[in-house]
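Each of the next two complexes has subunit A plus one more chain, namely subunit B in the first and subunit C in the second.
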Partner chain A sequence: MMDRTSAWPRRRVLAGMVGATAVLGAPAIVRAAPSGTPVKVGGTLSLTGFLAQTAVIHKIASEIMVEEINGRNGFLGRPVEYVLLDDQSKPDVARSLYEKLITVDKVDLIQGPYATAPILAAMGVAQRYGKVIIQSSMGIPKLQTYDRAFPATPFGPEPDKTYPNVILDMMAAMPTPPKTIVVLTSKFPSAQFMAQGMRDQAEKRGVKVLLYLEYESGNRDFGAIAARVKETNPDFLWVGSLGLESNQVLESLRKLDYTPKNSFHLYPAPGPLALSPDGDKVLCSTFLEPDEPFMSRPGMKKLASEFKEKATKANLPYSTIDAQACGMISEWQILEIAVNAAGSLDDEKIAAWLKKNRVTTVYGSLRFDGPFNHGDAAQLVKQVQNKEWKVVWPTEFAAPGVKLIAS
Partner chain B sequence: MPSATLLGQALISGVLAGGMYGLLALGLSLSWGLLRLVNLSHFALAFLAAYLTYELGTTYHVAPWWSAAMVVPAMFLIGLAQHWLFDRFKVNELASLLITFSFAVILEVAIQLYWTADYRRFETPYSTLSIKAGPFYIPVLELTLCLVAGVLAWGTWQWLRKTYVGKALRASAEDADIAAAYGVDYRKLAYLISGMGAAYAGIAGTFIALIATLAPAQIWTWLGVVFAVVIIGRLGNPLGALAAGMLVGASESIAMAVLSPAWAPVVSFSMLIAILLWDPEWL
Partner chain C sequence: MNAARDLPKVVAGLAIVALALLPTAGLPAFYDSFVYLVFFWVSLSTSWALLSGFAGYFSLGHAAFFGVGMYTTATLTTKAGVPFLLTIPAAAALSALLGVGVGAVVFRLRRLRGELFALLTLAVTFVIGTIILNTPIDGGGGVFMSAVPLPHLMPTPTGTIYILGFAICVLTLVTAWWVAHSRLGMGLFAIHDDEDVAEAKGVPTFRYKLLAFALSAGIAGAVGGIHAMYVGFLTVAGTFELTVPLYVVLMSVLGGSRHWLGPAVGATAITTLLYAFISGGEAMIGRAIVGLILIVAILWLPDGVIPAIQHWAKKRRPQPAKAQAEVVPVVPATVRPIGERHILEVRAVTKRFGGLQALAGVDLDVREGEIFGLVGPNGSGKTTLINVISGHYPLSSGTVAVDGVSIGSLAAHEIARRGVARTYQIPRPFANMSVLDNVALAATFGGPVRAQREIRDEARHWIGFTGLGSKEEALPAELNLHERKFLELARALAAKPKLLLLDEVLSGLNPAEIDNAIRLVRAIRGQGATIVFVEHLMRAVVELSDRIAVLNEGKLFALGAPRDVMRDPRVVSIYLGKAYAA
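Let's look at the complex of A and B:
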């Protein structure tokens, strides 16, 4: 189990809580409507290209948050204007656009793009101009070496060690604990990074790794891979998948009349996997789901309802708020609280405040004083049950009545 | 050492996956080989057909074969319109590459505007059906795709070899001026080939809708491997395109079963380089 407690000075925790309460909890009557010159916050998202499926979720989350923030007190009493550009899922385009946002559009602040490679590209530009950059989807924390880069998602500094152990704990708690595992992964860097961690931690804990396979990102045919998995017949299949790859793997296995005993999927497209006929009981990584205890967090119910409304309007087939959307919400919550608490748009002051204080977001209380500015890891496991994702592990994060269903 | 069952299953999967390569390569090979136009928008047209099949199937509950009966003629008309532009502006081989790339990008954006960037899946009861043959499983949809690709490739090959129109097209591709001296109206025939190429993209698109999950950016997924297939199969050779597709598919799949799946993409391009260097006469 992960240790989720830390010896933090009470004063700092209180400072963050007070900031969050002031921002999220204060009644509208005591808040003045923001006025004056807008604070320009620039960022890119992969609105086209191979990452566009997820970036559209981040875009909707950003729109909700800008409306929310402007409905409160904006940044330092000024309205927020979000300058969003399309990086086309290309790191080189992201790099050029961040340069443009800072030097041509003269934005006051920046927000991180989506996915590890564009984030790394943007981080280089941010570092050159000393800008604070908050991101929610960099799967390899050790690459976040810039001291003003902050994670909005609680991966923790070493998710390749901590998260496999969460999964292995869950496996050990199954009625018949899996003794063998096949690790199958995309060569997409963040997935490969986690897969190597899973292989190493499984071996350390005595789970036999029958097969470790890597496939190219964008692989078209999973027939032969499925045949290898079927022949090996592991107790547990761990798939370092992105987007639709999980669906493709499971469909290919079904065509061979084989259903894995237990399967885990790292970063799949949540909607298609939950709704797929092959998705029943599959496991997946998450940080929260629209269920208890997460819905009791401040503002969460309203955010979930707003997201559903906007996602439905945008014609998205899966309109439920999830960890992806919450990553972007968390980015904006951190920026809002940090700017208003630091009382400045100065990046140095914002970064200094973040390093000393906790921030309460939809992901709970986050801190940024650990290695690579990461705090505690809080990655959970969810499972498809009746076409819906339910958090099942660790058990204290499962909604009342929800239990892990093992094979 | 992989078992015989694993190798056999990998071979079946690869040959069937190669059927899709071959079907996509068919129209591209005709347009490139006979019209000297490299039509990159072929992939976008296939995806447009796939999205239309999805829309007709999920919104109006139209069976895929009826969708194909509507979508394929529509694609044929789009092919004619596209060729009118090429003809009107006297587009050459190199310019066609750039123009059709732009057309593909515009189509990708249009698809994203209407269907969003999110994934779309046309679930059918037969999407994961398989036939069991001894220890092997043969997916029904992929098998049907291969049969359709085989019929189209064989029919087109026969048409090009046996009919006057086919012979005239081949003659024009060899030497347009000499063919014209014998009364071949190359401009009219070019419209026919362009329409056919787009119609074949429409057929491929119907199968893509049934087999794959759709996202606009996937337009580019098959580009590299299908180009390799077109070149290996020789330009303008429909049977060559299908055979090359199956050869590449099978090789990739065996590489995934015997070596590491990550080696699969290396196979198609290594094969392309080897065949270009070898240049066998039977090709």
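Let's look at the complex of A and C:
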């Protein structure tokens, strides 16, 4: 298992934790209501277009967080006003809208959009104007080359190396450790990036890669791929999937009367996979689930409850708080803590503070002083047990009584 | 007067200068960015219209050419270190080459028109996307261009992208204007309306389509090259997506895809509308409103905004007093002697359609200045022979020579340029062109090379000659059958043909109109043309023809003077049966 400790000065860690606790945990009664000219925070989300279904989760999370922050002390005692624009799921529109936010709307601060391509388009604009940009959904950290861009999700600087090792550690801990693996992946940039890492790390750790196969993103017919998987009959199947692809892969395998011994899925649609007849015991990546120990983190229970209420009202099919929503929550938590701790809306000061301090968010304690401003990796493994997702690895993040169920 | 005429040019010139200087005006960068995106869509939709709007080859594959441009720039800059500006012509060239390659195959097949062409171009998009996705060009991981240096053409990076987008936009509009007002554009508009007729009137359809495809794809490639730098991170899914062709189609249709400025109007309107509803609170409602506006606009203005404005302006203009459409030819027919020289020589011509032998070894000679009647029962091969001579159908075997030169292996447009003109049994005018433009096109492509003013004077002459003088600006749909038949004649005459092939020009006319038509045909012969005349109306055939050939079952059945042939019992028998022949 990887080493999660760091050589950070204890004082800085404590400073961050105290700040976070003060912000998130202190009773409202001791806080003054924010007043004065609102601090405008601008951002875009893909509210229309092909990314809209996921972006709406980020929108709800943002609304919750703006209410939360304004219910505390706002930014520097001033209320926060969220200027949200629709980038239509297009990076070129995202770029132009960030220029609008910065040069026309004159927002004080910006938040990152959703998905890698719009994030990179926005990052270029942020860089030209020296703005801090915090994002939560770019799965290829090495592309985050801008000095004032910060991740709100703990991928770590090299998730293609660290996360496969988390999975390989888990495999090694199984009663019968898998000796062979098949890696399937969508040719979606972030999925392919992780799949190549999984292949390389498995080989390094002596797990034989029987098959490495890429399919086009958006593929719907997995019959031929399933036949090849069945033919190789690996001990472990790793799928770099997005959305419903995992359901389709497993269904295709079932039609061949084949059930993988163990299978892992990278970025599937969580609800449909958990409820699928093929989903039992499948494994998946996550950063947190609405369970212990995560629910004991400061403010988490309230956030989960508010999210459920708003998501149900918005008719979202999956109204439970998950890593998507928490990514955006983490963005706002980082910004809130950094602005108030830096005591300034100046991007240079905010960036400087973030690089020197830890921030406690729903994802735990994050730091930003590593390569590409990433800190420790904290990607976990969850498993479908009785139609519900349960974190199973590393074991210290598993809820009491929850254990990995291997084949 | 001159000042008023030059006003649009002055306004356009000032607008170009003002737009070029916008990035130096110190406005917020968003305005540069937004106007750049307008330029981007104007260029892309106008380039689409060059082929799909002008020539009617509806493409759903514009993302392929745009995407090739994007990836050319991305690859050359990130992997080969080529300076960004140098990659733009390379992007244009590669996309144009792809367009020519696709066109060279597709345009040879007549069946690949309409929806099949649209589907095929869509398939090209998927093929190109798949190749790029599965090769090191992309490989699935996307191409990140943040490290590519951008030249400092303007004070800001967005300003530099803006000025490049502006330059390509101006270049695109100038190209579209030039094409629309050139011989190429005239040919493309004719191809749009009726490609076979365009070919028969002398338009080199294959070459023109290829040229339009190359221009269309090349511009899209250059636009893609610039846009790659604007987006900064390319993925196959984001580049070769369906929204690109759907947007350009929508923009072009809204503005008017047959007008050089139409797509620009549509692109500006739609881009502005999309930016009018960008607030997070109104995103969904905004998109619905935009959709509704577009539906209403397209329902009310099916030909687009620009044609609607032109139509409105035309209706407001004072109309010249309408003369009665009296279609009596005004040029007296003067009988010229029939020469000994053979204008048309048909030798052992056969034409097969699968198992059907439409022509089975026909031999004919037509003399200079002659009116040669071609008759026979239905299915005897008369129209097929006209189609073979005019190049509409290739020969199965045999030879055809015009004025001593073999034309049997030539394309229809080359035959037209050698002085062979034809009319159609059912008139096939170019539906979206005025009477004047219909005739001018035939004069342009079929006749000798002349200045446009001379060509239009010539066209007016033949319009007057056929009695359509008051209908110059009318569209064919506004003409009755009689007038459309005469429009066919005017088009044929405008090409100054050596040989005129008239296919049942009298069918469907009333007796008075037939008399007019007969006088007209005589008048045409009086102009020096040799006429091959397919007709069922025996009175006209006998009255007009110097000689008659009777075809039956694809063979020459009888040949001679009209009255002799029509009295031949064998001829009577094939028309009326043996009982009448006896």
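Going forward, the second predicted complex is superposed on the first by the 407 of 407 C-alpha atoms of A that agree within 3 Å, B and C clash if a C-alpha of one lies under 4 Å from a C-alpha of the other, contacts with A are read in each partner's own complex, and residues count from 1 in each chain.
Just so we're on the same page, a contact is a pair of C-beta atoms (placed from the backbone, for glycine too) under 8 Å apart; a residue touches a chain by one contact, two chains touch by 3 or more.
Given the structure is predicted, the values throughout are model-derived calculations rather than measurements.
Of the two partner chains placed by the overlay, subunit B and subunit C both lie in contact with A:G218. Once the two complexes are overlaid on the shared chain, A:T48 sits against subunit B and subunit C alike. By the touch criterion defined above, A:P79 lies against neither subunit B nor subunit C after alignment on the C-alpha atoms of chain A.
In the superposition on chain A, contact is made by A:G243 with subunit B only, not with subunit C. Once chain A of one complex is fitted onto chain A of the other, the partner contacts of A:G299 are absent, as it touches neither subunit B nor subunit C.
With both structures placed on the common chain, the touch criterion links A:P177 to neither subunit B nor subunit C. After overlaying the two complexes on the shared chain, residue contacts for A:N315 are found with subunit B alone; subunit C is out of touch.
In the superposed pair of complexes, A:P394 makes contact with neither subunit B nor subunit C. Of the two partner chains placed by the overlay, neither subunit B nor subunit C lies in contact with A:G370. Of the residues of subunit A, those at positions 47-48, 187, 214, 216, 218 touch subunit B in one of the two structures and subunit C in the other. Those residues of subunit A lying in contact with subunit B across their complex are 47-50, 52-53, 55-56, 89, 187, 213-216, 218-221, 223-228, 231, 243-244, 247-248, 251-252, 254-257, 269, 271-272, 275-278, 314-318. Here subunit C touches subunit A in the complex through residues 28-34, 36-37, 40, 130, 133-134, 139-142, 144, 146-147, 156-158, 227, 230-233, 235-238, 274, 277-281, 283-284, 286-287, going by the rule given at the top. Residues 45, 47-48, 59, 84-86, 88, 90-93, 95-97, 99-100, 102-104, 116-117, 120-121, 123-124, 128, 140, 143, 145, 187-189, 192-193, 214, 216-218 of subunit A are the ones that touch subunit C when the two sit in their complex.
The part of subunit B that touches subunit A in the complex is made up of residues 2-3, 5-6, 9-10, 12-14, 16-17, 108-109, 112, 115-121, 123, 127-128, 130, 132, 137, 139, 213, 215-218, 221-222, 225, 249, 252-254, 256-257, 260-262, 264-265.
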